[in-house]
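Notes for the one structure printed next.
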Amino acid sequence: MSLIAITEVRKRFGTNEVLKGINLDVAAGEVIAIIGKSGSGKSTLLRCINGLETIDEGSIVVAGAQLAADEVHLRALRLKVGMIFQGFNLFPHLTAGRNVMLSPMVVKKVSAKEAEEEARVRLAQVGLDHKFDAYPDQLSGGQQQRVAIARALAMRPLALLCDEITSALDPELVNEVLQVVGKLAAEGMTLLMVTHEMRFAREVCDRVVFMHQGRVHEIGPPGDVFESPKTLELRQFFGMA
Amino acid sequence: MTTFTTWDIVRNLLLATQWTILLSLVAFVGGGVAALLALLARTSQNRAARRLAVFYIELFQGTPLLMQLFLFFFGLSLVGVNVPPWLAAALALILWTGAFLAEIWRGCVEAIPRGQWEASSSLAMSYFEQMRHVVLPQALRIAVPPTVGFSVQVVKATALTSIIGFVELSKASTMITNATFQPFVVYGFAALIYFALCWPLSKSSQLLERKLNVAHRNH
Amino acid sequence: MAVGLDFGALADYVPVFVKGVGVTVELTVVGGTLGISLGVTCAWVKTQGPKLLRPVVSLYVELIRNTPFLIQLFFIFFGLPSIGVSMGEMEAAILAMVINLGAYACEIIRAGIEATPRGQFEAGASLAMSRFQTFRHVVLRPALQRIWPALTSQLVIVMFGSAVCSQIAVEDITFAANFIQSRNFRAFEAYIVATLLYLALAILLRQGMRLLGTALFPRRRAAR
């Protein structure tokens, strides 16, 4: 059975339909890259899975939690999937450690002591245990993004959604973040990532989804998708046509 | 023994409102002139003038208006001038308004990019020519919404002059209350009259600001 | 005519001024704390809260911001007893200040909340926090930090405004000056001293708010 089941999802902004019937099943432990031009709907799809956008038709179910507009359903869904953003979105008034501790304490009512232990473990996991007391504005972009990953992990999600998480980074900082993500993939975390890092997608992912004009245009193992794209649009996207 | 109908109350309040409006206008116009002078001094090349302007502005912004009213009222009689309440009220309000408007307008002048000053001085304009032809026309546009907004503060501030005995809307309310023993009705109506004076000003200030913001975004 | 200022004539009245300062401080601290709390609540309603309550808050804010404090105070102290709600002068003064500051603080704090980057709300949501939890733990503190200077100015304005409370016999600084000048006819001196006391309190209040700010907001930069 799949961990994430996306069925016939349609999403409109006003009259503009950005998702035109998406079907995608993600198995537990699978790593999926979503690629495509800007405006192809790839970020919107990711945001729908986390309930940051509502959907007009179809259904999204993550491990039994169904996407719905009310807070009870959203909470249940978000307890199962974490999200990493392009712009990090760390909380500027809290230290790195406190950023990681906040949600377990507030949402799961974990004690401060337990939350701190968990936060230290998670920060160590992304190689930043020594930055526990640093504030976000004292960290580089790459470090901030790694704290954001630790923050999402502290909620023990079943899957992580990564929305162009290296796009806002200076080139020399991209690798430290990708290394962390690669390690998570190797440890069996289910990952759904919108990315422009084609080399990374090819090396790490189980499947690649090419989105075009609100549809899943092509899907398959990276070998097939990258070596022998079937459609003209994908070849154009790779700049081969 | 006379009895007061609600209409008597409202009519008397409205009569007193004339004085509130007149005093507001005097304070606003006089304050505008004071503010312009303070602004020119505040942004001039002359250090003494700048200091004097800062002192004036901080003195009147940094102390309660009620104290200023008392000081004008009692201070002028100390030097032998017998000041009627309306004169003390007008003088204090003019200077108080001037101090606040000067700061508001300075913010608007400073919002004009340095390049405008540099460009106009490279055209050999004097300080006054720069102000008159380049900076003020631009600053004026952005100054309108906060200036209209501040006029609300001026109208409300006139209520304090009742305390030194000037008979305007607030003083009249107290006098009518003492005659009718209906404080709830009288102060309620007084509040509504103030609201009717102030709300249109508040609203137009907001609308003007929104319009200005939209115009700016389209640049 | 020779003008003589005689501050020595005030020497006997130092305790009266001391008491007045105490009352003005009490009005400002109690009224300020409760007023800012009311402002936060109203700002929450206007940005996040139940849609049904929003027009109610808007009406309250507009009514207060467009009428003089003096009239609000007189309405509460003289007007309300005639419909059966009476209270002491100190209670009336504090209530009037809370209601007055609450309306101004609401608009100031709302601006701070509205300047919050959307990503902060989304990060809170993606961590399974409810809208209220996100507001309380993620949005509020940086929002207050953004508008702290404006809130400080408003608090000073409200303290200056409290001088009016002397008119309902609250024994604040202004009341002290009124009392003294009615005794020794040294009005100018009494009001000069009162003015200087307000000036000093304003400086202390600004300093206090700065210290409170550094305690509440350990980092200087808020999210943009």
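Labels A, B and C are assigned to the chains in the order they are written; within every chain, residues are numbered from 1.
Here, a residue touches a chain if its C-beta (ideal position, glycine included) is under 8 Å from a C-beta of that chain, and two chains touch if they have at least 3 such contacts.
Quantities reported herein were computed from a predicted structural model and do not represent experimental measurements.
Could you name the chain whose Cα mean is nearest to the mean of all protein Cα atoms here?
Central chain: C.
Measuring centre to centre, with centres taken as mean CA positions, what chain is farthest from subunit B?
Centroid comparison gives A as the farthest chain from subunit B.
Averaging over Cα atoms per chain, report the distance between subunit A and subunit B in Å.
Averaging C-alpha atoms per chain gives centres 55 Å apart.
Approximately how many whole Å separate the CA-defined centres of subunit B and subunit C?
The separation of the two C-alpha centroids amounts to 21 Å.
What whole-Å value do you get for the distance between subunit A and subunit C if each is reduced to the mean of its CA atoms?
46
What residues on subunit A touch subunit C, complex-wise?
50-52, 71, 74-75, 78-79, 82-83, 85, 87, 89-93, 102-103, 106-107, 135, 137, 148, 151-152, 155
Please give the residue numbers of subunit C that touch subunit B in the complex, ascending.
Residues in contact with subunit B: 1, 3, 62-63, 65-72, 74-75, 78-83, 160-161, 163-164, 167, 174, 177, 181, 187-188, 191-192, 194-195, 198-199, 202.
In the complex formed with subunit C, which residues of subunit B make contact?
Per the stated touch rule, the residues are 62-68, 70-71, 74-75, 78-80, 152, 156-160, 162-163, 170, 173-174, 177, 182-184, 186-188, 190-191, 194-195, 198-199, 202.
Sort out for me which residues of subunit C touch subunit A in the complex.
Going by the criterion above, the answer is residues 117, 119-120, 122-123, 125-131, 133, 137-138, 141-142, 145, 217-219, 221-223.
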